[in-house]
Amino acid sequence: MTTELILSLVLPVVGAALILLLRRNPNAREAASLVTAGALFAVVLRIYGAVSDGALPEVVLAEPIPGISIALEAEPLGVLFALIASFLWIVTTAYSIGYMRGHHEKNQTRFYLFFAFAISSVMGVAFAGNLFTLFVFYEVLSLTTFPLVTHAGTEKAKRAGRVYLGVLFSTSIVFQLLAIIWVYAMTGTLDFEPGGILRGVMPVPAGVVPVLLALFVFGIGKAAVMPFHRWLPAAMVAPTPVSALLHAVAVVKAGVFAVLKITVYVFGIDFLSELGASTWLMWIAAATIILGSLVAFTKDNLKARLAYSTVSQLSYVVLGAMLANSWGVIGSGMHIAMHAFGKITLFFCAGAIMVAAHRSEVSQLGGLGRKMPVTFAAFFIGTLSIVGLPPTGGSWSKWFLGLGSLEAGQVGLMAVLMVSSLLSLAYLLEIPLKGFFGKDAEIADHHGDSAGHEGHGGHEDPDGHEDHYRAPRWSLAAIVTTAAACLALFVYPEPFYRLMVMVVGQ
Amino acid sequence: MREEVIVRVGAKVLAPFIITFALYVHFHGDYSPGGGFQAGVILAAAFALLALVYGLDEVQRVLPPWFVQTCAAMGVVIYAGVGVATMLLGHNYLGYNALAPDPTHAEHGQHYGILLVELGVLVTVFGVMVSVFYLFAGRVRKAQ
Amino acid sequence: MNIGLLVSHYNYWVVIFLMMVGFYILISRGNLIKKVIGLNVFQTSVFMLYITLGKITAGTPPILTEGEVVYSNPLPHVLILTAIVVGIATTSVALALAIRIKEAYGTVEEDEINRIEAGIEAGG
Amino acid sequence: MSQHFPILQVVVPLLAAPLCIFVRNGRAAWGLAVLASWVSLGIALALLGQVGTGGVISYAIGDWLPPIGIEYRVDIVNAWVLVIVAGIGALVSPYALVSVEREIEARRIPLFYSAYLLCLCGLLGIAITGDVFNVFVFLEISSLSAYALIALGKDRRALTSAFRYLVMGSVGATFIVIGIGLLYSMTGSLNMADLAQLLPGVWESRTVRVAYGFLAVGFCLKLALFPLHLWLPNAYTYAPSPVTAFMASTATKVAVYMLLRFFLTVFGWHFSFEQMELDRVLLPLALVAIVSMSLVAIFQVNVKRLLAYSSVAQIGYMVLGLSFATVTGLTATLLHLFNHALMKGALFMAMGCVMYRVGSVRIGAMAGLGRRMPVTMAAFVVGGLSLVGVPLTVGFVSKWYLILGALERGWWPVAVLILLTSLMALVYVWRVVEVAYFREYQGEGEAREAPWMLLWPTWALVALNLYFGIDAGRTAGIARQAAEVLMAGIGP
Amino acid sequence: MLLTLLAATGLGLLRIRNLFAVVMLAGVYSLLSAGLFTVMDAVDVAFTEAAVGAGISTVLFLGALALCGHHESRPGHTPLLPLFVVCLTGIALVYGTMDMPPFGGADNPVHHHVADHYLEESYHEIGIPNVVTSVLASYRGYDTMGETTVVFAAAVGVMILLIGARTRRERPGGEEGDG
């Protein structure tokens, strides 16, 4: 199994090399990308098979500092994350082919290249065997996604890149690294262990654990807990596939995943709930949920609205972790999965709308659903999943999170969950509703900056033959796949649930 | 420089004495104050004196800059070379006892060693002093 | 403070005073040549400190002769011989630098050099 | 032959220096310099191997046993420093060839190599000797040649910065001589090991305390500890590229070594930290240095000067490690000695490549170089990340130990400060990176990639940055061993 | 007496602004110190100091003055900080001498330890009467080699600086601002 573990890191890099080699031939380049993605998924599936049979394969790659190694270990939580990320990489690659060509982006090779690197580091995060490895790949992920965020190369993209790296590096270096070294200074180890490693160093000085936990939660800037969420909306200048996979799934999920993993394997949920150390962070997460939703309301730009929705939804995962009980953790892990499928669908749709209709603002979408029915139907399904309504997978994670808050005796949190669900329903549902039932906004929208494209969208195409209200075929296929997955996960959430039960059961 | 016969002759007469004195200082360093460094300085002073009287060019014809520069480097090589030699003879670096012709009186080597290294010092100091003097004097002349 | 200390340490203190004069010239004067002179004085005074350390009252120079004599300590002498040479080496490099500075800036006064450099920085 | 390695370490470059004058030809002198540097590196590595297994090597020069004669004494601490100095020398010397031909006129080139070798020999001599006065002699060899090397810079401000360096350096050296004289007056010995045994008997005397103070000020001048750093930024900025790369990675490191050697071996830990309470002085100075100099670096427009200020800040880290007065802190110092040499060497070498092609190292001149000189700028980025302390680079390893040391002492605000200043490093590195990658090239002419002869030494250092960042086991092991030796006074 | 003269010369150096006079005075200072060295039994040192201080360095200074002009301009500001630093250093040193062994005392630690060895064994080990030479060239011969190298380094330095034509006088074009 260790071969597979290493392969999961190496495959995307090999893919990157192929992409670079084949840069002169776009078709071959993208084929290479797809094949790598498929192979990676197959590898992760094999790991999944082994782990669900109870194995815990691990491998040490290097030992940078004596006693502190870069080690990979496949445990259920990591496998869950790796499964989602590697599967969605296939889908996103397919989507990108349509999007990047349809949008005539420059530097496409660089795009695929760094995408592959980013996935490699996501795998590293997923299978990190200790805090140090997690930190390393976390930072590598920030670095490799930076060229993707600044892809456009414009002044705006540069500023966004600055915010992106600034926030992610500042938080991770100042808070997270401090916390990691602190843990090491106290325990002498950084390895993830079931039940946590801090329990061994009792008596922990009073007040240290909450501070430490806060350092981790805020230090993992990718989890976008307020007030360190600013980078996420900023990163939306990236091409939509990047927003879709990285900023709705891989990067942000790497953040919340790290929070969850640290809670479970460094602190230990029993330890936390005994000390009650996480209560106040729970409320910070709750505040982020509500505030994020409220801000999302005010955004007219579709991608910005989705970004704030992500900010809000991420804190569900953090909240679940901070509940520090079994149901909370299960719900938290499930939400990583469910939100991933839901949100990627929404972003795919947003990208499709942008490529096909050149619109980026919510207010411009009126009547568009009648022209792009598949896209808007998928958006609707995605919305349901995010809100947590049946028949979508999202309902399961909300359910478990609710159970978790009740078990923790936090009725207030139940209320938060309810209110935020309503809020997200309101701001997301507006879009398909407008699309299907709204007035045609075509005449009214020449104020938006896409209005220029709108008028002669067809002529803007050098190819000139594409119907400009149809999303590229590759993209449409991706949208349908993820939307279908949202529905399928309602019927069959089994694999993810089993993994999470294994996490809690240990 | 003015053509003052007395000065020129005086310098001409004085210079050999200074050089002799320098050699005395060098070789008598074992018994009285002095040694390679002082001798080098005095030797250099002799040529500086000549240069002041006869002009820089004259002296540089006899004692060209490349020669004094080589001297400056050569002294270091001599000194360090003595060390290397003792090392090759099986002693530690600068272990002069290695230089004794008669191993039973190893301390005789000290004499040779000291003389040689002092020679190195003399050569370097002489070379350096004259070089530096040339360079400074050359600048002054160009500036005028 | 008693007289004994004054007598036995008087030498040290004068030397220290001289040292400080040199040091003061070195760090307070703006003329680069004067600075080098200050450095020279400073170093020469340090040499005196060493030599003072090596002196034994009623001793003689450490050149061995017949009979029972007290010799002064030769080690400081050796150290200072080395230090003197190092000093003159530093002086010559410093003066060469000063000459080049004069050629490049037209002055060896620190204030004026600073003004010129500030001018470059503002102008560039 | 191997028993003569300690002396050969110094004599090889020392002999090569005058030979450079004999050959009178730039290329031949270069060949000599490269040869001597690599032989030095080989010897240094061999010495490190010897002391790694066999403890301390004592070499009595002239067969006179210490303390009568001068002793070369190699333990793991100075073997480590020797490897740093010789290693950087071995990479800078091949690098110099092309760079020097561009920046220095032909007739001065043999002199350049001669001075370079003297500087190398001086630094090695300081590091290896076990005699306090010998330290001064070799200090002057390295300093005098350094002044000349700096003055070779093209800009006329190179002259004034060399002069300022000379003044401050000479003051430092003279202070050191005074300190040595006072110590000598109390003990009658000049041998370090001997002094370490004699000094506890006179600890209480005011003379020893003052000697300590003078040595401290002298070394701090040499190592450019804030606020005695004024000579450094300009000197590094205007010196020729290879000189900057060499000096920045070695000269201050050797000064730090001297500080450690004197304070911990000669005076001993107890005297330094219990009697003199050295940490109380060093800690605030180091912190102020780190913070203020990082801040100043952010606002520089000349990248070499920016890196120079960053060097002053990084020296602060080394002193900070010392001020923890623990093995971990000292490990951090010794490790950073090595790691900082690697990163600053790489960064300054990359700037040398830019200087070679573009003729300027102002931030504005970097515009568009990300595409024009991708290999060079990639080296800069990796070096910069190392400076910031990103994991998998050597910079991270240093920071790790430094923070661990701070936390061990319970000084968590210091730990936070270290991390915050890493962010400041990120800011100043990033300023350059942004200009290089996001702006269009504006200079005239075709700025191409730097020549191979400049690139390979640069990338060799970059590769070491990564290698020892991924596998710091050996370096950290040596640093810890060395720290333990220093803490225990003279080794077994 | 000599010391007092030295002190007077020092003060003179400080005050006088004509650099020719200052250089001459520095030469005098050197000679006086050489005298002092003789009194202190350091004849070798005295010899050298006279040759170097009064000889070479005076010549060098005069050369430099010929090139750089010989008048020192009046300092523009009151040098309070240097004064403070100097006083501090001086006081520290004086404080340090408090515990120093008395001047000239034969029992001072300086005179024992290694010095005894040199004086007692050198004739036997090296065979020349001038102990200073023995120590200089043999016991501490390595220092002397270092000294030779320093001199050589200085020559290299001066050559680097002064060799060749007068170069780059005012060349603002080749410089860059950093403001």
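Every chain is named by a letter (A, B, C, D and E) in the order it is written, and numbering of its residues begins at 1.
Please note the rule applied: a contact is a pair of C-beta atoms (placed from the backbone, for glycine too) under 8 Å apart; a residue touches a chain by one contact, two chains touch by 3 or more.
No experiment lies behind these values; they were computed from the predicted model shown.
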item: Contacts common to chain A and chain B (chain labels); value: D
item: Graph distance between chain B and chain C, where chains that touch are linked; value: 1
item: Topological distance between chain A and chain D, in contact steps; value: 1
item: Chain pair with the most C-beta contacts; value: C-E
item: Relative to chain C, chain with the most remote C-alpha centre; value: A
item: Distance-to-centre winner among chains (Cα means, whole assembly as reference); value: D
item: Centroid-based (C-alpha) most distant chain relative to chain B; value: A
item: Between chain B and chain E, centroid-to-centroid distance (C-alpha), Å; value: 21
item: For chain A paired with chain C, centre-to-centre distance based on mean C-alpha positions, whole Å; value: 69
item: Distance from chain D to chain C - Cα centre to Cα centre, in angstrom; value: 27
item: Intercentroid distance (Cα basis), chain E paired with chain C, Å; value: 4
item: Sequence positions of chain C contacting 2 or more other chains; value: 19, 23, 27, 32, 53, 61, 63, 75-76, 79, 81-82, 85-86, 89-90, 92-93, 95-100, 104, 120
item: Residues of chain A engaged with two or more neighbouring chains; value: none
item: Overlap residues in chain B, where contacts from two or more other chains coincide; value: 31-33, 37, 69, 72-73, 76, 80, 83, 93-94, 96, 125, 132, 135-136, 139
item: In contact (per the touch rule at the top): chain pairs; value: A-D, B-C, B-D, B-E, C-D, C-E, D-E
item: Chain B-touching residues of chain E, taken from the complex the two chains share; value: 43-44, 46-48, 51-52, 55-56, 59-60, 63-64, 66-67, 124-130, 132-134, 136-138, 141-142, 144-145, 147-149, 151-152, 154-155, 158-159, 162-163, 165-166
item: Chain B residues within the chain C interface of the complex; value: 31-33, 37, 125, 132, 135-136, 139
item: In the complex, chain C residues that touch chain D; value: 19, 23, 26-27, 32, 35, 39, 42-43, 46, 49-50, 53, 75-76, 79, 82-83, 86, 89-90, 93-94, 97-98, 100-101, 104-105, 113, 117, 120
item: Contact set on chain C toward chain E in their complex; value: 4-5, 8-25, 27-34, 36-38, 40-41, 44-45, 47-48, 51-57, 59-65, 70-82, 84-93, 95-100, 102-104, 106, 108-109, 111, 120-124
item: Interface residues, chain B side, partner chain D - complex; value: 66, 69-70, 72-74, 76-77, 80-81, 83-84, 87, 91-97
